[in-house]
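Both complexes shown next keep chain A, but they swap its partner, so chain B is in the first and chain C is in the second.
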Partner chain A sequence: MVKGKVSLNENGIEDTLNINDDLETIKSKRRKAALTWYMFLLPSFIGILLFMVYPIVESFRLSFFRSNGTIETFTGLSNFQMVLTSKTFWNTVWNTFFIGFFQIFLTIPLGFIFASLINSIKHGQNFFKVVYFLPNVTSIVAAAMIFQFVLHPEMGVVNYALDAIGLPTSTWFSDPSTSKWGVILLAVWHWIGFVIIICLANLQAISPEMYEAAKIDGASGLQQWLFITIPNMSGTFAFLLITGWIGSLQRFNEVYVLGGPNGSPARSIQTMGAFIYERGFTGFEFGIASAATYIMFIIILIFTFINLKVSKMQL
Partner chain B sequence: MEKVKRFWFMLLLILTVAIVGCSPDDTAGDGDDSESSDDVVEGDWEGQTINVQLIGDFDMEDSTDPVTGEKTQGLQVIKDEFESQHPGATVEFTIMPWEGYTEKTQAMLTSGEADVYQMPGIADFAAQGVLEPLEPYIEEDPDFNLDRFIDNQVDGWKALGPDSDELGIYGLPFLGDARFIAYDKQLFDEWGVEYLSKYPTMEEVAEKAKQMTGTNPETGEQNYGIWFRGDWSSAFTLINLAEGQNGSWGSGFAWDEIEFNFDSPEMESGLEWLLEMQEYAPEGLVSDQGSEKWLTQENDIAIMLNQGPGDTVMPAYAQGLGERIGIAQEFKNDEGVGGMFAGSPITMAKDSDNKELAWEWMKFATSETVQQYVFEEANGMPAIQAAETWDSYAEVENLMAPTMEAMSTPWTPRYPWASSQPRFILTSEVEAALTGERSAEEAVEKAQRESEEWLENRN
Partner chain C sequence: MDQRMSERISNVVKFIVLLVFGILLMMPFIWMVSVGFDRTANITMPFPPRLIPETISNFNYGIVFENGRLIQSYINSGIVTTCSVFLQVSASLLAGYAFSKGTFKYKRLLFVLVLCTLMIPMEPRLIPLYTLFNSVGLLNSFWPLILPTVINGMLIFLCKQFFDQLPGTLREAAQIDGAGEFRIFFTVYLPLAGPIAATMVILSFIWSWNDFMWPLVVLNNQDLHTVPLYLASFSLENGTSLGGLTMALATVSILPIVVLYLFLQRYIIQSIALSGVKGE
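Right, the complex of A and B next:
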């Protein structure tokens, strides 16, 4: 064990240092530095504990009780059984996936095409970026209210346009067979700006040398797009696919504005989120709402896992 | 070591500040508890504070009414008046919007935030045991008499406590409300159709709606005979149609006693009637569309079912249509009863620290002073009979008189399932029928089956 050491300083003067003291000082400084950072982390950590961890744990506990907020009775797994055997719940699962599927598989290709077009023009790129991104910064609640007028059976511009070109009109949100398409239209309109911006960022990161080499080899514009652009976009597509699905499976705001908690008409646009809200906050069935929340969590988890595998995205 | 100690000291200090900062603001303190303190004498409310929760268009400060454009007084005048009548007392208000009021009320009750609540969902909360029964206060207070309220209003808000078998008083009527049939007299005149009678039958409404659907003979505009919401409130419209045929939604009040009648012949024929009426209505009623011109000069709808005073009385006068709009009663049974009971009572929290003062506020809130304020300044309907003597009432009597009558003849007690799953089940089935997904018979049978299953699981 080293107790002390004789050394020379710059001036050749002999110093005797106590290494133990030095070690103690270094340790103390490190501890202090670590503690300081913990202090900085503490407020957000308390916030996470109070507003995320606690509700998650409490919601899990509630899922085993029949609870109206104050009176609770332990019911075991009956809430899960009730939700899993409820036709209404599976109808909401169907609605959620139906709207999500068409939103994603319309928006990503469309957004990519628009992004490619914007990327290929020399002037006015920023103008188009702003125009297409504007819907995404609009509140989805406000946008949903506006869409009620846009898709109004008698006064809506969409029906007016359809009628003007001789196509049949629709009652949109008053018909269960078309109401989902109304929501899909709104969702595509709202999300496409985000898709375009993300795709543009990726497009501008593709090396121009690859295109130059392709041109020298005689590749046409379409061939360049198909064999250089698209393969280089795979990471972005995977990102949009996964974030898009997670957002779609959590859909609530717009369907609540358009169809209320029970997804009018005839539960045709009620999503899993709306089902949870209906049972929890309008019917005081917090146990059922909590069980449905955990089932929805598991559905999203499984589906995201599948998406990750399909898209081969690295976490 | 000194620095470590300093760290823990700082941590303790931060936590202490956080805990104190997040604690409820209880200015009354233990020593000021009205029930435990001996030194509080009658009329001396020194140091006592109550928090009153209100829902809707209330504002502490003076503001401009968005409908009438007139300057309205804020709640400050009410606060000043109450505090001057109760020296030493302080009343504070927590005002919330109607949006999500149920869950917000639940959260406030759980954390003991307020002493007095405006509470349309009284039946759900009384059953939780979080409300103070009011009968002892009413019996022991010689200054208070239930006769001040419009008929049926007190009965309508009766509810079951957690352990009681009989309905009790847990709330006093605070905001009145009613459902009625509104109609446009001008369209009736233009079509040469006689106005709706005071108590119309389904046949009368159907016949007149049919007559007034088509091209208006005077203006040449497309008119529609009738409109009703096919979504959110359609279950209540259907129930009223059953009541008009001497049927009912069912019976019971406590969940273990309730029996639904959703598939009764009256409900089925009521739904058939709605399907027929849909032909005389504009497209879009299932998504609350098609009635955008109602209460405008360009109105194109003759009869509006299931309307409420908040959206009708003052807005009609603000648009200069006060004399053009008429009100008929909803469909009543042979006993003269029918239509959804609505409005807002005020209730006292069981865990209130200042129950005496809370009771004083409840009496004050149902006095002429506050009720007149609610009517004249907050676009709310009064719940007391004395309203009929006010000048402000006389100015809008054309629409207020039938509204007051509607308030005295609804179905009581209120539908206990009105904010629970059976309401959404029935609404969805009415929508399914209106959109052609199911026949009327299939829809009411499905509503009955699903509601019974839900009830069975619940009990």
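Right, the complex of A and C next:
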């Protein structure tokens, strides 16, 4: 239609009109293109809405109700009060932090030392990488199953070895006073491969020129490690610290296999995750479990924030 | 000469330290395999522990396979993992590509939203997701395990990073030829995405295969149990009795993953390292 009008005009006007015409089509093409881009995002954002946003909002709402999934009554803040005054809950917080603390502060230094050793040898680097990472690819559920026997107080191989070399043995999972150490040992065994792989990748990214320069200045191997390697790894340590804590605070799988939903013996290895599972899916107290998840969520956020601050200071 | 000598010695010492500690780490596996083949290990474990069983037999393995639940759980895990990996990797490739090469409104905001999902743990979502799938009658099916995996912030992030490294000029050439965005993606960029797709498949496979808490919540029906669920229920039922059977079961459940790992170790280790290094 536009074209028909244009044909009556002189050449100059025809051109400008044609440009306008082009602009219009470009604009609509852009709009169409934008729409196509949203199509690319559609599956992921349906997922975000349905499986992230909705559950987070809904569990916030649920935390103000008494609910078993079918009957709901509004109870205000009483769920939060109930959880925050529950000795059982604070015991799970203590257990979670205790296990997490020792897992992280044993595994990161140990893993870093082994990564440095692997990085410094000439032959067999790949062999050791494969061996040390193997525990991490096995599922933690199967690993917990094996460790029940490995750490068995009477017939386990660890106590036998400790006894053979004259060290004191432990009651491990059979006594509340030692069971957490069993979980820590399992956690260190399972996580160390991951720490080593991450450390190795970052060790190899440190520029060799720095070492060359240090060598010319007469720095020994240990000095190079202390003053070049470790400062260059602070970002990696921060990453491991943060992901380590996030993972630790959500610990559930292995303690469920070792001690069931109530973390036997005597709730000594019940974690926050296990508390939520126990209240939510063995007791069907959805309101209380939701309040507990929010408290846990807030603990994780605050703690991650603190970790970020602390590790920034080191950088 | 002297320095070369001391370097040699320190190399040997390091090697030995690594070897000893490596054997220590492998000890649970070694013992597991040994006890699994031990005919007498079900009443009490052999004590003192021995490397070679007194009577080697495949008795325990026979029972583990005859029971049938292990094979069923393998099939279940296989179905769930295959579908999850496919869904998760496809959705993340599409989204990662759009966030890298796309031009549209709210791109930054939407990407921040994706990164925010990394912060959200499973626990607060557990109960609403349970009631959601319950209300549409999909509990005790594989759907609740498969569908929520469609969104994975980590994979989208890794994927975007990868496409960022590919030049945008590839697009322009195809655009001049009049190809649409989807055609450009499928014919130009997707064929180049092999390395990142492999990484994503590996990571997604490991996550899905080892997933435990959510399947535990939604699958009550034993026939639908995945491998970790079957292991856990067996372990909770029997505790530390039936050592031989437990170890045989553990061996069979770990073996395929270990074999896969040994074949793909280079790629798996690279993938893990990438998720860590880029995750910073």
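As a working rule, the second predicted complex is superposed on the first by the 295 of 315 C-alpha atoms of A that agree within 3 Å, B and C clash if a C-alpha of one lies under 4 Å from a C-alpha of the other, contacts with A are read in each partner's own complex, and residues count from 1 in each chain.
Everything below uses one rule, namely that a contact is a pair of C-beta atoms (placed from the backbone, for glycine too) under 8 Å apart; a residue touches a chain by one contact, two chains touch by 3 or more.
Source: prediction; values computed, not measured.
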| item | value |
| --- | --- |
| Touched partner set for A:Q148, first chain B, second chain C, both or neither | both |
| Partner chain(s) touched by A:R267 [first = chain B, second = chain C, both, neither] | first |
| Which superposed partner A:S120 touches (first chain B, second chain C, both, neither) | second |
| Contacts of A:F80 with chain B and chain C, given as first, second, both or neither | neither |
| Touched partner set for A:K129, first chain B, second chain C, both or neither | second |
| Partner contacting more residues of chain A (chain B vs chain C) | C |
| Touching partner for A:G69 - first (chain B), second (chain C), both, neither | both |
| Partner chain(s) touched by A:W181 [first = chain B, second = chain C, both, neither] | neither |
| Touching partner for A:F98 - first (chain B), second (chain C), both, neither | neither |
| Touched partner set for A:W191, first chain B, second chain C, both or neither | neither |
| Chain C-contacting residues of chain A that also contact chain B | 39, 46, 69, 148, 152, 154-155, 260, 280-281 |
| Contact footprint of chain C on chain A as seen in their complex | 33-34, 36-41, 43-48, 50-52, 54-56, 58-59, 62, 69, 114, 117-118, 120-124, 128-150, 152, 154-157, 160, 189, 192, 194, 197-198, 200-202, 205, 221, 235-236, 238-239, 243, 246, 250, 252-253, 256-257, 260, 272-273, 276-277, 280-281, 286, 289-290, 293-294, 296-297, 300-301, 304 |
| In the complex with chain B, residue positions of chain A that touch it | 28, 31-32, 35, 39, 42, 46, 66, 68-71, 78, 82, 148, 152-155, 171-176, 179, 258-262, 264-267, 278-285 |
| Footprint of chain A on chain C - complex, ascending | 10-11, 14-15, 17-18, 21-22, 25-29, 31-32, 35, 44-49, 87, 90-92, 94-95, 97-99, 102-105, 110, 113-114, 117, 119-132, 134, 147-148, 150-151, 156, 180-182, 185, 206, 209-210, 212-213, 216-217, 227-228, 231-232, 234-236, 239-240, 243, 246-247, 249-250, 253-254, 257-258, 261-262, 265, 268-269, 272-274, 276-277, 279-280 |
| Chain B - residues contacting chain A, complex | 3-4, 7, 10-11, 14, 18, 100, 102-103, 106, 109-110, 124, 127-130, 162, 230-232, 282-287, 289-290, 292, 419-421, 424, 427-429, 431-432, 434-435, 437, 457-458 |
